[in-house]
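The letters A, B, C, D and E name the chains in turn, as written, and every chain counts its residues from 1.
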Amino acid sequence: MARIGVFICHCGTNIASVVDVEKVAQAAKSMPGVAFATDYKYMCSEPGQAMIKQAIEEHHLDRIVIGSCSPRMHELTFRKMLKATNVNPYMLEIANLREQCAWVHTDRAKATEKAINLVRMSVAKVGNNKPLHTSMIPITKKALVIGGGIAGIQAALDIADCGFDVTIVEKEPSIGGHMVMLDKTFPTMDCSACISTPKMVDAGAHPNITLKTYCEVESVSGYIGNFEVTIKEKTKFVNHDLCTGCGLCQTKCPTKVISEFNQGMSKRPAIYIPFAQAVPSKPVIDENACLKLTKDKCGICEKICPLGAINYKDEVRYTKEQFGAIVVATGYELADWKKMYPEYGGGRYEDVITGLQFERLVNASGPTEGHIVRPSDGKEPKDVVIVKCVGSRDPKKGKSYCSRACCMYSAKHAHQILDKIPGSRVYIFYMDVRTPGKGYEEFYDNTRRDGAQYIRGRVSKIYKEDDKLIVKGEDSLLGRPVTVEADMVILATAMEPAPKIEEVVQKLGISMDKDKWIQEAHPKLRPVETQSAGIFLCGTCQGPKDIPDTVAQASAAAAKVAAILCHDEMETSPMISSVDQTKCSGCGFCVPTCPYKAISLVEVPGRDGNRKVTKKVAQVNEGLCQGCGCCNAACRTGCIDLKGFTNDQILKEVDALCL
Amino acid sequence: MAIDHACSCEKNPLLPSLCRVIDVKQETPDVQTYTIQTLDGKKPFSPLPGQLAMVSLLGVGEAMFSITAQGEDYIQSSIKRTGMLTDAFHEMQPGQEIGIRGPYGNHFPIEDLKGKDILFIGGGIGIAPVRSLIRYCLEHRSDFGHLDILYGARSKKDICFKEDCLENWAKEPDTSVYITTDVPSDDWDGHVGFVPSYIEEVGFQPEGKKVVLCGPPIMIKLGSASLLKLGFAKEDVITTLELRMKCGIGKCGRCNIGSKFVCLDGPVFTLAELDELPDEK
Amino acid sequence: MSIKKDNNWEPRILAFCCNWCTYTGADLAGLNRMKYPENVRVIRVPCSSKVNPQFVLRAFQKGADGVLVCGCHPGDCHYSTGNYFTRRRFMLLQRLLEYNGIDPKRFQAKWISGSEAAKFRDTVAEVSAQIKALGPNNKFVGAHYDNTVMEKEAEGGKD
Amino acid sequence: MAELSEAMVQDLIRAEAKKALQTGEVSCVIGWTATRFEDRTKPYFAQTPEECDMLIWNRYCINGTAKFALDDRYPDKKFGIIARGCDTRAINRMIHDKQLKRENLYIIGVVCDGKENPVCRQCAHKTPLVCDVMIGEPVQDVIPESRFQEIEAFEKLSPDERYAYWAKQYDKCIHCYACRNACPACNCIECYADQYRVGWQGKAADREQNQIYGLTRAYHVGDRCIECGECERVCPMHLPIMRQTRKMLKDINDLFGPYECGLSEEETTALGEFKTADPDEFM
Amino acid sequence: MILAKKDIPKALEILSKEAAVYAPSIRKIEDRTTGVIQEEKIFLPFEEGTEIILDGPNTVKPPKDLLFPNVEKMYQYKAAGEDSYIREILPEDEKKILFGIRPCDMRSIESMDKVFFTKTYVDSYYAKRRDQVTIVAIGCLQPERTCFCDSMGIDPNQAPQADVMMNVAGEPEGESYVLQAQTEKGKALLDAISSLDQQEGAEPYQGTVCSLKIRKAEDLDKKLAGMFDHPIWDKVTKGCIGCGTCTFLCPTCYCFDIDNENYGNEGCKYRCWDSCMFSDYTRMAGGANPRPTKKERLRNRYMHKLSYFNERYGETLCVGCGRCIASCPSHLDISEFIEKATAADPDAVSYTDVPAGTDRKEA
């Protein structure tokens, strides 16, 4: 039987003024397993702790109950104290006599009775405590960043600057993401490429950063400190070790297909470097377009490559790597407005373009070398309509959320048009104008002063009449229909999570919100963490945001990663679930209840009657389990149990309180 | 009813008497020996070697254990940690109140053993019942012939009753002690090997010798085979059985093997007797 | 502890509170020196989803007059999804108990966040009043249950 | 097409069972055989083609056959089962719960016309849902309107009436665990009630322990109940056990959408998932 | 003495002044939703107005729980250092009369007497209850189709060990009973109700025979002792679902478990019925189980009833009451087993199961 010591704290007069602490200590003496009980003015003080230690020695105590303030206050203090004794730090329970007794009651007799009850509960629980031991797991000092946009680049640079190895996995042939497609950034009108490409170059050249472009994460296992990630390297058909990026092949390739980078507004060859400043600046072959690969014809690039870097027999390669932490920065994609808004032409009118297409249009390195012209006929538009909230804030047709960046880039686009095309008119249909950022409101004001006409209302229809796009909407402020004859329409389309986000989330064992943005661990206090320890997020994979917010989040995530990687090993909480595999039926009911995907079914040697068999049972991954106990209540045999809060312990508490 | 049973509880055989653990000794990492006394400092009862006691940790549960030794004013029982109940036993400290009832079961056939050489074979915690008989024989040394004691444990640290096994018994007159461990270890320079093979290695002679064999089921099975190979008769090999028990007085039903109840008609059986019973051990 | 017939009868209410929200909220109620009835005792659990329906049955069997399960609001669970399971489990259990004759007021679940000290206080006061009005629970109470055993101990053991 | 007579079905069952055993892939075929009473049959395990002639089919074939597959969780050969609609739901239940593997079963499905068992009046799936061969013409699945009538009527009683009713029922219970052992959803290798755990389940057959057992079992199987009625059929003291488990099903049905179990191996269970949009009464 | 049937309630009223009288009666549970009343015949304490049913089928549950209750407190204890105690809880001082026990059930009480009174130890709890009980047995008039007591050597008209034997006078439809004291206790009981004596009546009816006749070898116990490894066990145990119905409804099953219930540091040790059909019955702390499957368990049960008990106590532990046959979820039948075992070749290496009833002409 246990030998329990009970220590009742007066907490000065905080507890003692309402609770008869001596009586509580006296009552504790006759509780099951109690070998010693006393009260003292301040248990958490030096002398108080010394007294507990002495009592442990003198009375051979093996378990401790302290009646004091909330365990949320001093549980760690007392655990630390026990580390210096023979008593395991987890053979401790704290009865909350201050916050949940003395401070909330006035009747001394009743409060004392309740205090006795609470102590009895803790005594009953501690009697069933088992010694627990934290274990140390080694940490692989290397981080994985999924996604090579500005978020991923920033996070990788920050982590690498702390001295840790980082691998960036990017599914496209180059890092850079959406930011390099942009022309200028609001509100400062910096050249987007001018500020992002140096970062790309830094990332490419950083000794601690490994770029894995044209790669995808195939599978992830393990847990914080020790993720094992399989990375799939797609077929580039170009040996990047040999290739110098001279670009000769690009110029000779006879096949031309639509350029993703230019948002479909220009063409690129089948062997291509996506854009001039790409990092790495080496081409890949588009296997769906290449004549050699599709029809076994051509083969020009192989012939002309001076280094023999072309390899049509390239195969998908898988590599396994260990990482200590993972940053998810998979970014966004523009929602397909064509499906959502057939009334805007559904894509039939070339001159109805997205904001991102406009960025390419206005960009000096874009398809028109920066001239704003209509894609249909190359004429300079005079009347331009910008429609905001296309897909955003429209739960019926699109998304219910606000895409956050559109108000500002629409203002920027208006400014750019008014600036570059003299005599042009810009009409902006809006629902609200949201400018919560430094210098944002001023920028918006300036745009209005430039002459942009803001019309509050949604656009109901866009159709073509002769050369013009007729934009019909309603001015809801004036309460009358509006019709604008435009040369070009720019749609500020909603952001949505990158395609295949479900796969990424599923592989990582993290979760998404209703709109498929990745769910942060806590919206306020843990905004860059996921529910899975060691997996962080930044940028637009978490939700729509602009560049400064993205970069700030990336640095925050990097700091979180660094805080893990700076340790050689980490302590795991011993208060996690474990399975009594002799009793487990292997039904797997616990598996779907775990938010961390910490439970898996494994085959172990077992017994069927007296026969030896291999049976399937549940197993808890100690690195993943966070100790919520949700699986416990799903287990009908009661064989999966949370250490420190076992079913038996809680039942004992129930029994004790019901006495 | 050939066996006469003595019961310490005159009235209610299922009612334990309150006793106290006066000493706890850590024999091995998972075996402890408890010295038990009545509250007024007396011996709870006087068991014969091989008998059992139902030890009950009030509020936790009770289980049957063999009595490994007794003195003027105490009895001793050794308990190996195997489950929830024995975990709780292992938390006992001197002064702990427990309930105890017994002694139950038959005992080693002392009269049959008198005047004979005896070979004691124990494995693991199986040495506990054997020890009660060894102690009896040593106390009544002149009644018995040569004593051989063979004991096997997993490793040196798992040897129970280290003083007896490694020192005291070897010093007794006309007594040979053989100790073996299953696995070698740095601090062990004695014999290494399993009990059955050691039996054959030593090559005990069956003439005029009775064998007392206690240990885990597999050891009893293979050990018996070794003994039979050496020419021992089944009538001369005595062993003990262990089954789940609740009442200890042959009423609750679960420890039967055929028509015999291990708690009442056992736990001591010769191999010949076991042959008569259905194969359900 | 007073005998149940007594006019001063106080109900015995158990509250399972999740460590991250409700337990914190209860602590906050203390910090703010809010007052609520003494008859509710809190059992701390890491998450409301740890609470096994068996605990609730056991509490009634052992003589509890009411049981409360409290956790974070849906969506706020420290462990992200635990309380969604709690919600399903206990909506069903509450109905099953009611079906077996237990007043649904005797078994309640509530979402109380770490900042909702006042809600904690109000909930406790309300549940306590409701159960007081219902009177002692005699359903599912074990035949072995013996109230007198405890009286001695509550008075500080027998000296 | 003319309906098959009982005798014809019986012949087909015997023939299929024989065929299965003759292949050597199947260790036995479980069905029903006669007892000394004409209105009773019992489970029968035909292990040789000859023994198949002992198999019978009549309106007294009321014992569930599927649960016996759990007697050997690690079989060398396939286990043959003559399965009615309810038995196939039981099979799905146990496969879903990962206690059986489909490849270890050889299922001879028989379209059932309802037996001398009150629960058959509520049967929604008379046609086997999973089988290797099927005997009889499939019939339309119809969920009877009366499915929850009994529960709804009982809900209307006063709380005290309900409690008194159950208390009397649990006074009768002899704690024999027949309901559990017959139930295909009670497929844990070691039931919580069989474990030595102070405070979970007492062995005593008093009202208190019986209530705890009854409610716990209802909760444990309630979201997986296939409504085969075996629990009620086997109860020697005639407790209305389905009235508890059906209550759980009804609530799940009401709260979380239409719910029936055992219709396929892949379905999810109500307590194994959630929706953020589930109704919330705990605000 | 002769007691008119109509005077039975009067007699019981007189007797219940001195002792608690238990007699077969109907326990009713009304389903208020349908108005259906579930009825169940069991032994209930007699109160004024209780309807006593002496004829018709036997009670669903045997009366054994009146002597050997399902749950019986053994002792109270407290584990708290110096304050520790162990206090015996013996059954209360209460005289009981079991009225209307059938010969089969009376015979089962004899078997329990042997278990609890002999073989070294006397069970104090059983002994105290047994000593305080007076038993009035009644000759069986309507054996059910599952009854086969006379095949087990029991005369359904006679219960020699009962304190009082009661048979209907004359023909089964007779209007009075003949009561004969067979012990001193019985005499005292009859003295107490002598005022109701009708003085004259017909001879006690002795004509009841069981409808189920089974073929049972005279030395079945010895034959079975040699059949422990017989292939018959594989076959006859297959349909068993391992529940405890047969054991809990059996009038002779006496196995029990011991457990405790705690309140703080006090608690109570109790014993309760256990069933050898349960997997945890013989399972040891380490998980090993000498009877791992239902084959071993059911074999042990049948062997215990039909062989082991004979060896130990000299009689068969099955009284042929048929309760297990009537209630078995799988419709297993011990009488069928007895016939099969009687017919079986003890040295056979294989066994073909021919269920009873398959010889019946098929429809």
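Note that contacts are C-beta pairs under 8 Å (C-beta built on N, C-alpha and C of every residue); 3 or more make two chains touch, one makes a residue touch a chain.
These figures come from a predicted structure and were not determined experimentally.
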| item | value |
| --- | --- |
| Chain separated most widely from chain D, comparing mean CA positions | B |
| Label of the chain whose CA centroid is most distant from the centroid of chain E | A |
| Higher-contact pair (C-beta pairs counted), A-E versus D-E | D-E |
| Chain centre separation in whole Å, for chain C relative to chain B (CA means) | 50 |
| Intercentroid distance (Cα basis), chain E paired with chain D, Å | 31 |
| Rounded Å distance between chain A and chain C, as computed from the means of their C-alpha atoms | 36 |
| Gap in Å, rounded to a whole number, between the CA centres of chain B and chain A | 63 |
| For chain C, residues contacting two or more additional chains | 53-54, 58, 81, 85, 89, 142, 144, 149-150, 153, 158 |
| Sites on chain D at which at least two other chains make contact | 154, 161, 190, 195-196, 198-200, 206, 271, 276 |
| Multi-chain contact residues (two or more partners), chain B | 57, 59-61, 83-84 |
| Residue ranges of chain B touching chain E (in the complex, touch as defined) | 1, 5, 7, 11-18, 56-63, 82-86, 95, 97, 99, 242-244, 246-247, 249-256, 258-259, 264, 278-281 |
| Of all residues in chain D, those that touch chain A in their complex | 73-74, 97-99, 187-192, 195, 197-200, 220, 268-269, 271-273, 276 |
| Contact footprint of chain E on chain A as seen in their complex | 1, 30-33, 120, 582, 607, 609-611, 655-656, 659 |
| Sites on chain C touched by chain D in the complex | 53-54, 57-58, 61, 73-75, 81, 84-85, 87-103, 108-111, 139-144 |
| Contact set on chain A toward chain B in their complex | 1-3, 32, 60, 62 |
